[in-house]
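So the structure is just underneath, and the comments pick up after that.
Residue numbering begins at 1 within each chain, and the chains themselves are lettered A, B, C and D in the order written.
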């Protein structure tokens, strides 16, 4: 292999730049040329592909977002789009790909390999932490620190005014952010899609005869909660207890940006390095992840289809800490 | 005067604790006893009034919220409530009051003085900066730093995805936060209640023949914008340009909390000190503020009724920086 | 067991308060009384022992330092001191101890158990991460984030002025902080006590015929580096290359304080909970740690005497990223 | 005037990039070409001068340091150096200069104007705040926030261990940073070059019969303190009181970098805009500053030679708050 390319795809996450840097530096260390594909699969189709010198990734390790930009590509869902992408990739002499992204991106890379034989190794870049094959994804640690920082700020007001706050964090299908941010934020209740009795516990806090006597409380809600988001949940409680009052805050996109945490930069550095080394060793269709502190490769099929479980020990702590 | 009391009232703001500390230390320096009234006027009515030793305010200068808690008081709107409050204040031998809060709080203090003759000096504690008689209110600088930090994070995603974001900040009647945070955040457009042509400029960016060619943009909206909040504004644009796409983030309560900035701590220290000194000199019904770097007293009547203007130079900069 | 006590000992670390909170809440959840011993072993000797209600640990999860204070105790090194400590512990009916600290603290707890039979479980509270039996210690993640934040700030100046900076971080016997902060900070060189060829690599960057042509660079040095601290190292290079110029910054005590990171709060919560549960199950003389994402107990003897190794993969990355 | 140039000079300060952006955008708004001179006067001599399109300053408002880099120039001190600089400036058709820097930079610009008639307007870019003609310099607010953040972290340890800390901040000739950071950090003592009795007060805290009984304390020292820096001061106290113990932290270069605060970005935006507008109106040899919230021009001679005074009200507060 003489020349490879790297791209970021799907939602951006803090640490993507640190990961790009690691792939570029590892390629140069191994005397391999490396190019950057802009805007994920879109740049492949539109031939936005640029050479990445070692210096081109200087001073980016601390930046949020991605210098290669990212997008969700409709064109790549079509055979014509992928054909065009292959023509462009081939025209640059690119022999292998590094894809930093999540589920959808790896699915695209896998199909691309099946159709055109271009090997690809992935690195898990998403704040949601919902990828099987890595204990943590790149961006998750930063996202929970951002969420916890917001919870700390809101707790100042909750405490000063003796108020209840419902704070909605990201996590459409998984409660990883809600659970970690809730524990770290000292939340009185945490609502995640994975648990079925969490909603009853929160209801018990604010309705019925055994209501909590706490002056203020903070409930953290994953956006994918099966009973609804923060606004809906507060409305549901009000129907049962008209005197109930709560403020709602939707943290939203602030969780996706920002300077990556130290942990995310180290993780991104390890996985970007490992992804290139795996590609050079002839691996393909696998994601580099960190499992029990060791870098491991997991087939895209497993990363995409298997479900990572929430840590049940953490769910248990919520009850213990709020008795 | 031998004994005074301090309380925080209305919405909490970062720096209130630094201000409480300054009043306590200044009182002790002048050999005056000082008590703390909990939860604003509510604590007066319910007799939640505690002595404040010099050490009781150690290690609070850096904390958001207020150790004296705060509330909006319905009871104090009634003559009976105020009568009860006076009885309690008198029973402790309190001869003067320091009120850290905003418009509503000063109005209450003024009536209380008219009815019972208890002198009161105010310090402007609100993030909104909408008080006449001080260039900046305690908490405003922290709030704009929080908003700007959020804008920076969102810009990472806006830039990486080439997206438009509408970010709604606090400011029900005034655009101070939106204007300062927008300039500091490098926003492409800023919508404030005080300006009438700002909305047309933003419309021009996204509709009609001269649309902006910028890949991404950030529009900061004050919650009190006369054309509606961020969600409504985006809907209005979509009606004129169905292809228009934008994400909306409502920053919400994170703007009210957090460790106060250095500026807010210094301002709170100055004004808390000045408020006590003014009270001891026999002043009453006035707010201590900072005007052109000097501590000045402004009658409550003016602070409440006169309108502080947005800096027109800043509004002009938005146009200049986005051509 | 009906009543236990918790104390913090040795140098403070961010997350100690979150750990204290977890022990208190877990004790109450199990209907066990819990007391707090102030200033580590000193408070045992001087009988500074206070009851800890569940509410006494509200709103501390986000605070640096330790509400129980900490100290190194000379008195506890003497048989008389320990005798006095036992008398006091016994007088309160305390049947078991939770010690949050490092090597020295666990050694003291072990001797105390041998002499008086009071069981003790430890939680690893130290920023240095130099304890065997846990992948990470409570406070380490916060400390590296603080160090990385400082490196980011210094890089602004290094880059703007094309200067070389040597930044000394904590770590008297171990390079954990230097290695993680160096990788995350994008440092060009990292000097740790555990490596013998790192110094030669840095020398080669600034002396001899193959000097680096980089405009600016950042070298991170562990305070325990065997060739000396940052000042000494710069002097040694100057002797070989009189034209060499570098600025030195010693980060110092800022690394020990600050709001704990999300990771440290979750870790502290898990280990504080596990420590109490282990004590109630009859365990003693063991440290609760996190190994491969699982809470594990390690005998004090091993935690104290065995050596945790630096991750060799990280050391390798320094070379790869700086070619 | 058709074409101007901007450069940053002297020590870097947070907000310089926001100021560069403001000059570039203001120039384009007025249909004036603008170039960037790299590395201050050095780039003039070495002809490192590049065009600055409006987009070239996108996404830099939040970055510390300066994209134009900066340096202190020995060559510009010589007539030959300045001659070369003029030749280069003239060859690009540059008719006016914007200099973002401090005393030394303005002196150079003034001589350059005297010798070659090139008009120059300055903007005060330095963290030290020691320039006459502006209430605050660009970078000062960020620097004190950085210093206060460090003091907060150290206070965690000071409080937990009941220790005394001496913290040295920047300020070679002026105590602005020490005074503001000390007040905002809740310091028990502040030592500045401008005061003569501050040292005696600190001595009284730790020696003699009336020593403070406070468990812990924080003393903030300006590096230019006439009795010496933090290390020397602690040694002097130890000579008088051998039992005295204190830790020393030199904050150093972290104060010069980092994301600029909201205040610094707004200030830099105003002054960069005003500097270009003044230059276009035919002004020269003046610094744009902010005095009592209004942008004002001050002759370089005054900015350089007149002395800005410390706010005596703040010095008085130190005594009041620590009785």
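Operating definition for what follows: a residue touches a chain if its C-beta (ideal position, glycine included) is under 8 Å from a C-beta of that chain, and two chains touch if they have at least 3 such contacts.
Computed from a predicted model, the values in this text were never measured in an experiment.
Common neighbours of subunit B and subunit D (chains touching each): not present.
Touch-path distance (fewest steps) from subunit B to subunit C is 2. The chain with its CA mean position farthest from that of subunit D is A.
For the pair subunit A and subunit C, the distance between C-alpha centroids works out to 29 Å. Between the CA-based centres of subunit A and subunit D the separation comes to 39 Å, rounded to the whole angstrom. Between the Cα centres of subunit A and subunit B there is a gap of 35 Å.
For subunit C, residues touching at least two other chains, in rising order: 152, 155, 159.
Taken as a contact graph, with one node per protein chain and an edge wherever two chains touch, the assembly forms a single closed ring in which every chain touches exactly two others. Each chain pair that touches appears in this list: A-B, A-C, B-D, C-D.
Remark: subunit C residues 21-22, 25-26, 28-29, 54, 59, 61-62, 135, 141, 144-145, 147-148, 152, 155, 159, 180-181, 183-186, 259, 261-263, 265-266, 269-270, 273, 292-293, 295, 311, 313-314, 317, 319-323 touch subunit A in the complex. By the touch criterion stated above, subunit A contacts subunit B in their complex at residues 8, 11-12, 14, 16, 39, 63-66, 69-71, 146, 150, 152-157, 159-162, 165, 247, 249-254, 256-258.
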